[in-house]
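Here it is, the structure in full.
First chain written, first letter: the chains are A, B, C and D, and each begins at residue 1.
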């Protein structure tokens, strides 16, 4: 099953992706599969265990099933302060 | 009580908002942009923020502090955008009746903000290089 | 670096004196006059100071902090004379490269100042009574 | 042997003594003896173990021998901050 997902990129991921957001159709069932797919395509250097993931502006598990119109953000190690 | 500011942080105004005749103690933390990080001379830096989640997570941290410690008021503001050396990146202020809880809560807030709030720092060096700071915990150079 | 002031403490000026491009952290403590102490409504208070020894002992405390903690700058000012509720009785500010030592040193300084510097507080209550506060340690109501 | 000692009073001791300084002749050999003498005379409520003592603007021991022209201050529990 294909879902339409909105992705926002920040910091190093934005630089590596070359854009700050995109909408795409994916067969990934969850965020883990989605990151794997995108990492292959764009060569992101951070591995999944370095990241956290948010869906619809809340931290969530990598295994949460994706639903059409979800907004996904992969969160590199934070360095504020 | 938690906010992201794209403008210079006005500490004195934030502090005035904490005035309270019951308070005996105010503890504040300010994070400043340093001229050196890991031996490299810093010219300026940029903070990139994921606003929707940063605000939620920042607010959660303040609520946790309020539950854990016997405090009266608390404020935290973090900058976004470009900052020069010496500028203020983050301000935390906590009031309490006695001083112990204000110290503990202030330290808790800045520790958690640095560990959890989705904000990323890119340093621009005098040499012309620049780079995303990798990870506070890994590199052990938290300020 | 340590001083006694008979005038309102100007925190912003003191803080400006700590500016330093090497510093990543500033921690400050302010002690404010509370409206209640041990259930009694406070109207104003007076600090009496033994100046010659207060200045020496305050300066010693700052020197100890400088030796114990990895800090860059430090200032402490304590008021003398009459203060109203909400006014600032003492200000401590410490800068450091990373934030840990600034927190520790700031807390050390205020703890030691309260325990060692010859300053005495007389509270004047709304009821018309007044009295010398007996002993922070004994009464366990340090702020 | 009699020595001439200058005494400054602060806080509760000043209130109880009714003045902030005085110069007196005493046979007390040290600050402990001097306080005992003054406590008897003025009924100071604080006992010696509640106090510290300074001679010539430095904390010192109660047993330090007094010398003529010494400036002595008895220091009640401090309550700054």
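The rule is simple: a contact is a pair of C-beta atoms (placed from the backbone, for glycine too) under 8 Å apart; a residue touches a chain by one contact, two chains touch by 3 or more.
Given the structure is predicted, the values throughout are model-derived calculations rather than measurements.
Peer 1: Which chains contact both chain B and chain C?
Peer 2: none
Peer 1: If you average the CA atoms of chain A and of chain D, how far apart do the two points sit, in angstrom?
Peer 2: Once rounded, the distance between the two centres reads 74 Å.
Peer 1: For chain A and chain B, let me know how many angstrom lie between their CA-based centres, rounded off.
Peer 2: From the centre of chain A to the centre of chain B is 26 Å.
Peer 1: Where the CA atoms of chain B average out and where those of chain D average out, how many Å apart are those spots?
Peer 2: Inter-chain centre distance comes to 50 Å.
Peer 1: Give the residues of chain D touching no fewer than two other chains, as numbers and ranges.
Peer 2: Residues of chain D never touch two or more of the other chains.
Peer 1: Specify, in ascending order, the residues of chain B that touch 2 or more different other chains.
Peer 2: Within chain B, residues 31, 110, 142-143 contact more than one other chain.
Peer 1: Who touches whom among the chains?
Peer 2: A-B, B-C, C-D
Peer 1: For chain B, which residues count as touching chain A in their complex?
Peer 2: 31, 47-50, 52-53, 56-57, 78, 89-90, 110, 113-122, 132-138, 142-143
Peer 1: Please give the residue numbers of chain D that touch chain C in the complex, ascending.
Peer 2: Counting only chain D, the residues touching chain C are 8, 10-12, 14-15, 54, 57-59, 73, 75-81.
Peer 1: Which residues of chain C touch chain B in the complex?
Peer 2: Chain C reaches chain B through residues 12, 19, 21-36, 85-86, 97-100, 102-103, 106-107, 110, 141-143.
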